[in-house]
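Read through the structure below, which is laid out as C-alpha cells, and then see the notes.
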Amino acid sequence: MSAPVVETHGLAKTYGPAPVLRDVELRLLPGAGAFVIGGNGCGKSTLLRILAGLEAPSSGRALVFGQDTRKLAARYRRRIGMMAHQSFLYPNLTARENLEFFGDLYSIANPHASIDQWLARVGLADVADTRVRTFSRGMEQRLSAARAMLADPALLLLDEPFASLDHDGAETIAKSIHAAIERGASVIATAHGVPEIEGVEFAVFEISRGLLVPREHKEEVRRGGRIRSLLGR
Amino acid sequence: MSGFAAVLRKDLRLELRSGESTLALLALSMLVLVVLVFALDAARVRSVDAAAGALWVAMVFAGMLGANRALLAERANGAIRGLLLSPLDPATLYAAKLAAALIFMAIAEVGAVILMVLFFNLEFDASIARLAPILALGAIGFSALATLLSAITGRTRGGDMLLPILVVPIFVPALIAGVKASAAALAGMPLSSMGDWLKIMIAFDVLFVTAGYLLFEHVVGED
Amino acid sequence: MNNSAIRNGLGYATLALMLTALFMVFDYVPPEAEQGIAQLIFYFHVPLAWVAFASFGLVAIAGVFYLWLGDQLWDDLGYAAAETGMVFCTLMIVAGSIWAKPIWGTWWTWDSRLTTTFILWLMYGGYLMLRASADDTPQVARFAAVLGIVAVLDVPIVIASVRLWRTIHPAVLVTKQGGHGLEDPRMVATLLVCLAAFTALWAWLLMLRFTQLRTRSKMGALAMRIAFATAAASDGK
C-alpha cells in the first residue's frame, strides 16, 4: 500500500474558545477522492485551509505528502492545487494573464500551450483576453478551477467547487476533477450536500460537531470507493 | 521567470493599467507641498531648510500611501492566500513588494522634487542632482519599513491610522539624516561633507531591508 | 520556586530600597554646585531611563523567543514588559520636563536624551495601540513580536542620529562612555542605590502584570479544554 497523500492525527482547531474541529482522523491515498459535507460554519473550509498549509491546527497534526502542513517546503506546495470560496484571481488582469502569473509561480512546463488548453477545457477560450472584473461568478469559479489545476497538482483541495455553477459549468469542473484523478491525483472536495453529478465516485464524509464522520463507515478512502446514493440526505 | 520577477511584473502591469496609485501619490505629494508653502510662507523667503523639510514631509506621506497600496492588490479575492499557497517564498514576496513600493515612491519623489524647486524658489542645478542618492537611500529605508509594517496594520482594526503611528517613530533617524543631508545638498555642499548622515541612512537601509526580509513570513500568514 | 514568594520578596526589597534611596537623595547626598536642588532629579531620571530602555529590550527578546518557540508565555512577558516600560518611560519624560524648567527655563527641550526617550515613548505607544486595536490571537502576538524586534533594532540608530543632531545636556550626567562628572563618592553611592531601587520596582510591577496575563492565558486554555470535554461527553448521546 502506498503512502497516504493526506493524513491527520487528532486534528483540532478552535477559534477563540469555540472548537470548530476536534479530533479529526483522516487518511487519503493517492488517486482517491473524498467529499466532505456539512452545513455552514461546520469547519469544512477550515479543514481544507489547514491541509493547504494556510492555517495551523490548534492541536494534533496534519501531514501532506508526509510533511507537516505548518512547514511545507516549496516543492510540496507546488503539488497542491486549491479552490476556495475566494477565487484568488486579480480582477484587473485578463483570464490569460492570471493563468500566466500562476503558471510562473508554479513553474509549469509549456505555459502557453497549457494555458490555452485549460482555458478551452473550462469554456473560457473566447474571453481569454477579457479582464476578470467583468466575469460572472460562474466564470470566475471556472477560471479558479483552471488556476488550481494548471500545474497538474498531486493533491486537489476544492472548497465547494460546484457552488454558483449551472449544470454545464458543474459538469465541466467534474470532468476536470475526473481527469485529474485519472492522472493519479487525490482530491478532497467539500459541499453542503452530496452533489448530484454523474460519475462522481467519491467516498463521503460529514463533519458533525467537529468530528469527521464517514457516511459509509469507512475510515480509509480507497481508489474507486463505493458510490454513495446521490439521492439521500 | 522567477517568483520575484513574476510578482513585480504583475504589480507593475496592474498599476500601468489603472494608474490609480501613481496618481494618488503624486496628488498627495503636491497637496502636502502646497499646504507647507502656505504654512511656512515659502513665497517670500528662499530657504533650503524649509524646502528640504517640506520635501521629506511629502515623501513620508506619499511613501505610506504607496506601501499600503502595494499590498492592497492582494486583498481582492483573497489573492494573498493564492500567493501563500504557491511555492513562492514569503521573503521573495517581501522583496517584490518592496521593489514595487520603491518604484511608486521614486515616481512620487521625482514629482515632489520638481514641485519643491518651483514652490520654494530654488534652481534646477547641480544641487538637485546631488539630492538623488539621498532621496534614493531614504526611499529604500522607508519602503522596507512600511512594506513590513503595512502587512501588520492591514490586518488590524486600527488600519490606516495605525501605519503612520508605527512607522514614523521608527523612521525618525533616517528622516533626520535625510533632511539634514538634503538641506546641505540644496545649499551647494558636496556629498562628501555629509558622510555621517549618509552612513546613518545606509545603516538604516541595510538593517531594515534585512529585518523585513527575515521577518515578513511571520506577518503575512493567516491565523 | 514559588511565584508569589518571588513577588512578595521583590515587593519588600523594593520598599526597603526605595526608602533608602529617598533618604539618600534628600538627606545624605550633597547637592551639585552649579545646579542646586533641582539637580537631585538626576537621581531619578537616570534610573528611569535605564529601566525604560531595559524594558523595551525585554519586549524584543520576548518577541524573538515567541516567534521561535511559539509559547504563549513569551507573548505574555513581552506585553507585560511593554506596559510596565511605558509607565517608566512616561515618568522619565515627565521628570525630564520638571528638570528642564529650572535649569533651562523651558518645559521641554529637544536635547539628545530627551528626544531619544520621546521616540522610545512613541514606539511603546505604537506597540500598545497595535495590541489594543486587535483581538488576542496568536497572529496578533506575532505582529507585536515583529514590531518589538523592529523597534529595538532601531534604537541604536535613533541614539546615534539624535546625538548627531543636537545635544545641550550638561556634562554632569553619566555618559554612555562610562565617564561621569560625579566627583563625590556619596553621589555615586546614591545613584547606585537609586538604580537598584527603580530596577526592583520595575521588576516587581513586571511580575505582577506578567502573572495577571499568565493567569488569563491559562484560563483561556482551560476554557478550551472544557469546551472539548463537554463536546466529547455529549458525543455518546
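As written, the chains take the letters A, B and C, and residue 1 is the first residue of each chain.
The criterion applied here is as follows: contacts are C-beta pairs under 8 Å (C-beta built on N, C-alpha and C of every residue); 3 or more make two chains touch, one makes a residue touch a chain.
The model shown is predicted, which means the values in this text are computed figures rather than measured ones.
S.K.: Can you identify the chain nearest the overall CA centroid, using each chain's own CA centroid?
M.R.: Central by C-alpha mean position: chain B.
S.K.: Centre to centre, using CA atoms, which chain is the farthest one from chain A?
M.R.: The most remote chain is C.
S.K.: Applying the document's contact definition, name the chain pair with more C-beta pairs in contact, A-C or A-B.
M.R.: The greater number of contacts lies at A-B.
S.K.: What is the distance in Å between the mean C-alpha positions of chain B and chain C?
M.R.: It comes to 32 Å between the two C-alpha centres.
S.K.: Let me have the rounded angstrom distance from the C-alpha centre of chain A over to the C-alpha centre of chain C, please.
M.R.: Going by mean C-alpha positions, chain A sits 50 Å from chain C.
S.K.: Taking each chain's centre as the mean of its CA atoms, how far is chain A from chain B in angstrom?
M.R.: 39
S.K.: In chain B, what residues contact two or more other chains?
M.R.: Residues 221-223.
S.K.: Mind listing the chain C positions that touch chain A in their complex?
M.R.: Result: residues 220, 223-224, 227-228, 231-232, 235 of chain C touch chain A.
S.K.: Of all residues in chain B, which touch chain A in the complex?
M.R.: 1, 3, 5-6, 10, 13-14, 17-18, 73, 76-79, 81-89, 221-223
S.K.: For chain A, which residues are in contact with chain C within the complex?
M.R.: 12, 14, 17-19, 22-23, 58, 209-211
S.K.: Going by the contact rule at the top, pick out the chain A residues touching chain B in the complex.
M.R.: 49, 52-56, 74-75, 77-78, 80, 82, 84, 86-93, 97, 101-102, 104-107, 147
S.K.: Can you name the residues of chain C that touch chain B in the complex?
M.R.: Touch list, chain C to chain B: 67, 119, 122-123, 125-126, 129-130, 133-134, 137-140, 142-143, 145-147, 149-151, 153-154, 157-158, 160-162, 164-165.
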